[in-house]
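As structure tokens, here come the structures.
Presented sequentially are two complexes of chain A, the first with chain B as partner and the second with chain C.
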Partner chain A sequence: MSGGDIASIFQGAVVTITLSLIGILIGLPIGLGLALLRWANVPVIARMVAVYVSILRATPLVTLLLLLFFALPNIGVPINPISAAILALVMNTSAFNCEVWRAALMNFPKDQYEAAQSVGMRASLRFRRIVLPQILRVSLPGLVNEMSLLIKVTPVLAVVGVVDITRAAVRIGAQTYEPLPPFLVAVALYAPIVFALVALQRWIERRQLATEAAA
Partner chain B sequence: MIHDFGIVWSERALLLSGLANTTILSALAAIASLVLGFALTPALMSKHPAVSGIARTFVDGMRCVPFLLFAYIVYYGLPSLGVRLDNWTSGLMALIIYNAAYMAEILRGAWMAQPREPIEAGIAFGFSELKLFRRIILPPLLLSAGPVIGNQTIQIIKDSAFLTIIALPELTHAASSIQSRHYVPFAAFITAVFLYWGLCLVVEAGVNSVGRLAEARR
Partner chain C sequence: MTRLLPARFGAVSRRLLLLLVTAQLAVPMFAGKAHAATLDEIKKRGYLTVATEDDFRPFEFVKDGKPTGFDNELVEDLRKYAPFEIRQEIIPWTGILAGVSTGKYDIAMTAAIITKERKQSLDFTSPIADATHFYVKRKGDSSISSVKDLSGKTVGVQAGSALLARLPELDGMLKKDSGTLGKIVEYTSYPEAYQDLALGRTDYVVNTVINLKTLVAEKPGAFELGQAVSGKSFPAWAVAKGNTELLAFFNEFIAKERPAAGSPSCRRNGSAMHSRICRLRSSRNSNGSVGKTGPS
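On to the complex of A and B.
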């Protein structure tokens, strides 16, 4: 394995991280939107969201990605591998984020909401000032957990030709007939990223426990 | 569009064998990784720093590596160490070893949350180690960890789809080959999605009935 090979795995890491970040950044607000639709019990739509989330949570990312990549052009929507990858990641992670947000919303104390109503806050202000800051704090560990899960499914994007860390490593292994060294480089790249997220999650949980104990 | 589903229907034997393979693979992997997880849990909680350190390194290591990369290492990487496995064995082994780490962590969490009193009472009554585990520790542990184990089983079902990449003939692989043979991508993959959904709903229903059992015992 040459220096150039290692550089190409690092290029794969840039792809992995960029796609994961895009997926997270788009998936978070969509997940929140879906959770709000369910929470507000909007007729018909709430049920549709529930079914959508249930299906998406049961669908493997590979299957979803293959569906999007092959079926969308078939119905006249041209799609390239990168946009198919981002769309699949966003659909997948927003469904999981929806459940995390929804759990926080369900546990949100109703009296606070009514108090905000009684001092005359409008719905948008109520949500921004009263609900969001609190559910954000409760959901944060779960959301960070979803982020680490998202990074761990990104190797699947290789099936449509996205060259991420894993794909780059497989390619080098096939060229040099020595698959283990590039795989170990790949492990060494994933481990710190995922571990950093897991450590972040534990840190948030510890800090929240400490503030609760102090209160 | 209806015509496309007709083609998928004519290939139902292939799809059903894929579904059967996914089910067998996931069921075997879930049971074996749960058993292996049970073996690992005491090691994780061991008082010997060497034992708990090794177990902790394994569990944390697995949790930091994407499953697909791990499957690749088992399938493509092990032969260069002289271990050559076919795609079924390596796929199943990868699923079991990888998920055993998650199961061990789940069981450890549930074990730590168990009340101490029944265990101490069991010791006071002179239960042997094995009997204590089987009669006193295991039943409430399985009942309280049931939902999380169910979630992990769903995760295993979804992980098994990754094995299509090492040419294991499971559900996604079957859908892929139908799509490449007849070019009916939407019908083929959406059918697979619904079959996965059905499988996960079955697991969820199982978990719910375990939950009701736990309620009834209380």
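On to the complex of A and C.
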């Protein structure tokens, strides 16, 4: 394995991190939005969200990706591999995020919400000040769990030509006929990425504890 | 807290379900409308999209992050030859032929072996090589010394490949000696198949003689080339079915790249590409068990 090979695995790491971050940053608010639509029980839309989430949770990411990549151009929507990969990641992760957010919302004490209403808070303010901080804390472990799964599911994006850590390693093995060394490098790269995410979660949790202690 | 749904929601969800079922039925209709760009359309828009693989050494592989190999050298020549821009997408085997038949890529410049089944949805250029299927075994495996010893042994082969599709030919060869084809293990690509062979999970791997010669040359301590397990086999490039002008364009390109059999340019070591095609040829000829006529 040459220095160029190691460099190409690191290039793969940049792709893995970038796509995961984009997937997380877009999928997180969409998941929250979907959960709120269901929580508020908006007529018809709430049911549509439920069906959408069920279908996406039942669809393997790789199948969804191949479908988007090959079917969308047929209905006149040109899509490149990166956009297809991001779209599939966001659709997939938002469905799972929706359920994590919804679990927190279902457990949210209704009396607090009514108390906020009775002091005349508007809906947006009630959500920002009362609901969001509390459901965020409850959802965080579940969300971080989903994020770490998202990072590790990125190798399937290779089917449309996205070269992530694993695909870069596969390519090196195909050229040298020695697949083990590149795979070792690949495994060593995933661990710090996920650890960084978990460290961020711990930091947020500690900060929350500190603010609560101060209050 | 679960909310009990009023009856009307049940009706809505039934309608939704109906809609989803209809949508599923509609998808194949869209698929039927797949449209591959013609040569005129390619010229008008100014670019052509080529799809190649990334793990099929020596045809296409990636070295130090750069596409390398036989087909990639031809892609470079194509850039000089074509009056339009060449865009290249490097993707795994899984999606490559589907991408061509749906018009996502204009051509698969990969060693796709011509088969009857593939001809139903794709048109093939003239062959880029002559690649009979051979088997490779572990170095020093004394239980296999000729094709008839393969009876009942486990074979590794790429899923969805022509190599897999033509295993019945080997079965026929084995049946003549009252043997039988053993268990077949399918892999998404060949590097895994070679690795499993080295680990002893399979007894032999079937691939084209060109791929296997490269493997054995690179890993002489681990693998040993066997004999032919198929009749003639021709890899070629694939375009969408009915895309005749584009096919003609590529056949002209291949004719220009390929010197006539035994022509001086084969011996003269002319351009990199000419020598490349000649090398592929000589790798076939030096192996006595393959016929003498070149690709046609």
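Everything that follows uses one rule, which is that the second predicted complex is superposed on the first by the 194 of 215 C-alpha atoms of A that agree within 3 Å, B and C clash if a C-alpha of one lies under 4 Å from a C-alpha of the other, contacts with A are read in each partner's own complex, and residues count from 1 in each chain.
In this section, a contact is a pair of C-beta atoms (placed from the backbone, for glycine too) under 8 Å apart; a residue touches a chain by one contact, two chains touch by 3 or more.
Small disclaimer: the values here were computed from a predicted structure and weren't measured.
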item: Superposition on chain A - do chain B and chain C clash or fit; value: clash
item: Touching partner for A:190 - first (chain B), second (chain C), both, neither; value: first
item: First (chain B), second (chain C), both or neither touched by A:127; value: neither
item: Partner chain(s) touched by A:41 [first = chain B, second = chain C, both, neither]; value: second
item: Touched partner set for A:106, first chain B, second chain C, both or neither; value: second
item: First, second, both or neither for A:161, with chain B first and chain C second; value: second
item: Partner chain(s) touched by A:198 [first = chain B, second = chain C, both, neither]; value: first
item: Which of chain B and chain C A:152 touches, first, second, both or neither; value: first
item: Touching partner for A:170 - first (chain B), second (chain C), both, neither; value: both
item: Chain B versus chain C as contact partner of A:57, first or second or both or neither; value: first
item: Colliding region between chain C and chain B, picked from 80-88, 134-142 or 170-178 after the shared-chain fit; value: 80-88
item: Intersection of the chain A residues that touch chain B with those that touch chain C; value: 55, 66, 70-71, 74-75, 158-159, 170, 173, 179
item: Chain A contact footprint on chain B (complex, rising order); value: 60-61, 63-69, 72-73, 76-77, 80-81, 154, 157-162, 164-165, 171-172, 175-176, 179, 183, 185-186, 189-190, 192-194, 196-197, 199-201
item: Chain C partner contacts - residues on chain A that touch it in the complex; value: 2, 4-5, 7-8, 11, 41, 44, 47-48, 51, 55, 66, 69-71, 73-75, 81, 106, 158-161, 163, 167, 170-177, 179
item: Residues of chain A defined as touching chain B within the complex; value: 54-55, 57-64, 66-67, 70-71, 74-75, 151-156, 158-159, 165-166, 169-170, 173, 178-180, 183, 186-187, 190-191, 194-195, 198
item: Complex contact set, residues of chain C against chain A; value: 1, 3, 9, 12-13, 16-17, 20, 27, 30-31, 33-35, 54-57, 61-65, 68, 89-92, 94-95, 98-99, 102-104, 189-192, 194-195, 215, 218-219
